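These notes concern the structure reproduced below.
By letter and in written order, the chains are A, B, C and D; residue numbering begins at 1 in each of them.
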Amino acid sequence: MICKSLIPPAGRRYAVEGKHGIGGGWGESMVSQFEVRIVWGDCDEQGIVFYPTFFYWMDSAFQALLRDGGYSVRSMREKYGIIGIPIVEANARFLSSVTYEEILRVEAEIRHWGKTSLRVEYKGFCGDRPIFEGFEARVWLARANNGQPAADAIPQAFKNAFAAAGAQD
Amino acid sequence: MICKSLIPPAGRRYAVEGKHGIGGGWGESMVSQFEVRIVWGDCDEQGIVFYPTFFYWMDSAFQALLRDGGYSVRSMREKYGIIGIPIVEANARFLSSVTYEEILRVEAEIRHWGKTSLRVEYKGFCGDRPIFEGFEARVWLARANNGQPAADAIPQAFKNAFAAAGAQD
Amino acid sequence: MICKSLIPPAGRRYAVEGKHGIGGGWGESMVSQFEVRIVWGDCDEQGIVFYPTFFYWMDSAFQALLRDGGYSVRSMREKYGIIGIPIVEANARFLSSVTYEEILRVEAEIRHWGKTSLRVEYKGFCGDRPIFEGFEARVWLARANNGQPAADAIPQAFKNAFAAAGAQD
Amino acid sequence: MICKSLIPPAGRRYAVEGKHGIGGGWGESMVSQFEVRIVWGDCDEQGIVFYPTFFYWMDSAFQALLRDGGYSVRSMREKYGIIGIPIVEANARFLSSVTYEEILRVEAEIRHWGKTSLRVEYKGFCGDRPIFEGFEARVWLARANNGQPAADAIPQAFKNAFAAAGAQD
């Protein structure tokens, strides 16, 4: 089994056929991939991945998406002065178990933009076998005038960076 | 800050006032507690807990609940011949961040029994501060006559072990 | 099996009989304890703890030792202006395997002070059964005049805080 | 920065110039590579990798080495009837810190064969920058006639599979 590069080329955009269940229209905006080979240490006594690790890979796929959009948490802090982009909700449905030596591919796409929040959706596969579907709700966390953390409006330039047509600022 | 024992006494049952948001009636059946002191290695660059770790603690609280009911995954395999009780869905909403040196208390209760599945709900606190609320949907996984993994009916004795009144088999 | 409090009282100091292998004289200075119940998610396919996790617990026991001496990494940064106290070497020898539901007790003691470094030694037990022995070499990392990270002399007051007789600054 | 494939071709063998410090003669037998991009969740409050994770990657590099030799822990159990090949000692010296978005390359080589044990050595790099050096001592764990776990002689065919010239059984 030959695995694609660990690191997809920056700004990867492609249309996906929307067959994978999370709503329709998957691939309407930028989709990034994160691939990982499952290792011994990821698995529990039943020899399958211990489920919290899937959230670690969802977060990793989000970082890959940021990278493809030209960002990282660090650069976002510097450019926009925010504290970060923390999670307020996370969810995953597990469709099939995975064991070590398998290659897990996680696709990530920002599927909803709110004023101060966003929703990232994920699909995990081993080859064509669906493994999980999940989402994260994240908030754009800045500091209010009193210095306290507070949600703030997401800059349009940031949103644009993840559009399928890809007008990056 | 004085922390209670790491290990709650077996079969702990108590009524909780149901103020914590996940439906009403929290504490109608057995509620178990899992406590952990957050350590340096649990936190990310922002100095707060990296969110997948909360799912690890939810799973840990589930094991505590099993223990309070007189079970472990290992004993369930031996007694009932099942493969396990894997996750089919997991969810958490994060209400407040946590940093190292804080004591996190996770309460777990089985809030719904299906024929072959169950729903465990979780609430996390530091002192009185709500930290997160979550749930896991788990399935009673046995083997069908053809040897393949298949959901099976949960034995009544198992369900009874987690009732508030606590008629254990 | 009854476990002691998760959190030993601050400034705990006691003499240990030196029987546990790492040199003699264990307990000549402050010894701290960290206890944890092994959970399902800590174990691999063989049903025993996946070994890197022992280093996580060694680090956790070091944080407990700092706490007992009146410190945390955060307070050390504030008080002494250091970057941190990172690891330059870590080692463990594994004497017996451990599985979930067991209580692991890790004892930590600073056994050697250099000018800019220290050596913390660890012993892990389940009850009386020795599980592992390990050490960490750590360095007192500050910033040189040119702003670059550089090892610096450890303040005497810090060293004193971990003496068995316990003259804290 | 372009990263090589996540998965080196099976049976990869190459001579390395032995400049990297762990004894001389690095590359006298098979050397495998494991590459990983550091992610946000691998880093602590200082923004650098939390050190126990390096041991997880050492273990991952060992699995890659097994794979290149035509084995996995699972196949070794089936073929040789062993329990596993657990760690009895692990060590790492940390030479430079690493942060997220960097690509870590871990090379692994079995550098010593005992009758019932082996020593795997590791070198970690980001590009040309040395990050860590480490080793694991592992034992060939079978069952004695009384059913108890006991170290046993490593089959010559297994040893041969990791020779540079590569006579695989």
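Keep this in mind: a residue touches a chain if its C-beta (ideal position, glycine included) is under 8 Å from a C-beta of that chain, and two chains touch if they have at least 3 such contacts.
All figures in this text were calculated on a predicted structure; none of them were measured in a lab.
In this structure, the chain pairs A-B and B-D differ in their number of contacting C-beta pairs, and the larger number is found at A-B. When each chain is reduced to the average of its Cα atoms, A sits farthest from chain C. If each chain is reduced to the centroid of its CA atoms, chain A and chain B end up 27 Å from each other. As a whole-number value, the distance joining the C-alpha centres of chain B and chain D reads 36 Å.
Across the assembly, chain C contributes 40-41, 45-46, 50, 52, 56, 59, 73 as residues in contact with two or more other chains. Against chain D, the residues of chain C that register as touching in their complex are 45-46, 48, 50-53, 55-56, 59, 73, 83-84, 86-94, 97. Contact residues of chain B toward chain C in the complex are 1-7, 35-37, 39-41, 56, 59-60, 63, 67, 72-73, 100-101, 103.
For chain B in complex with chain D, the touching residues are 40-41, 43-47, 50, 52.
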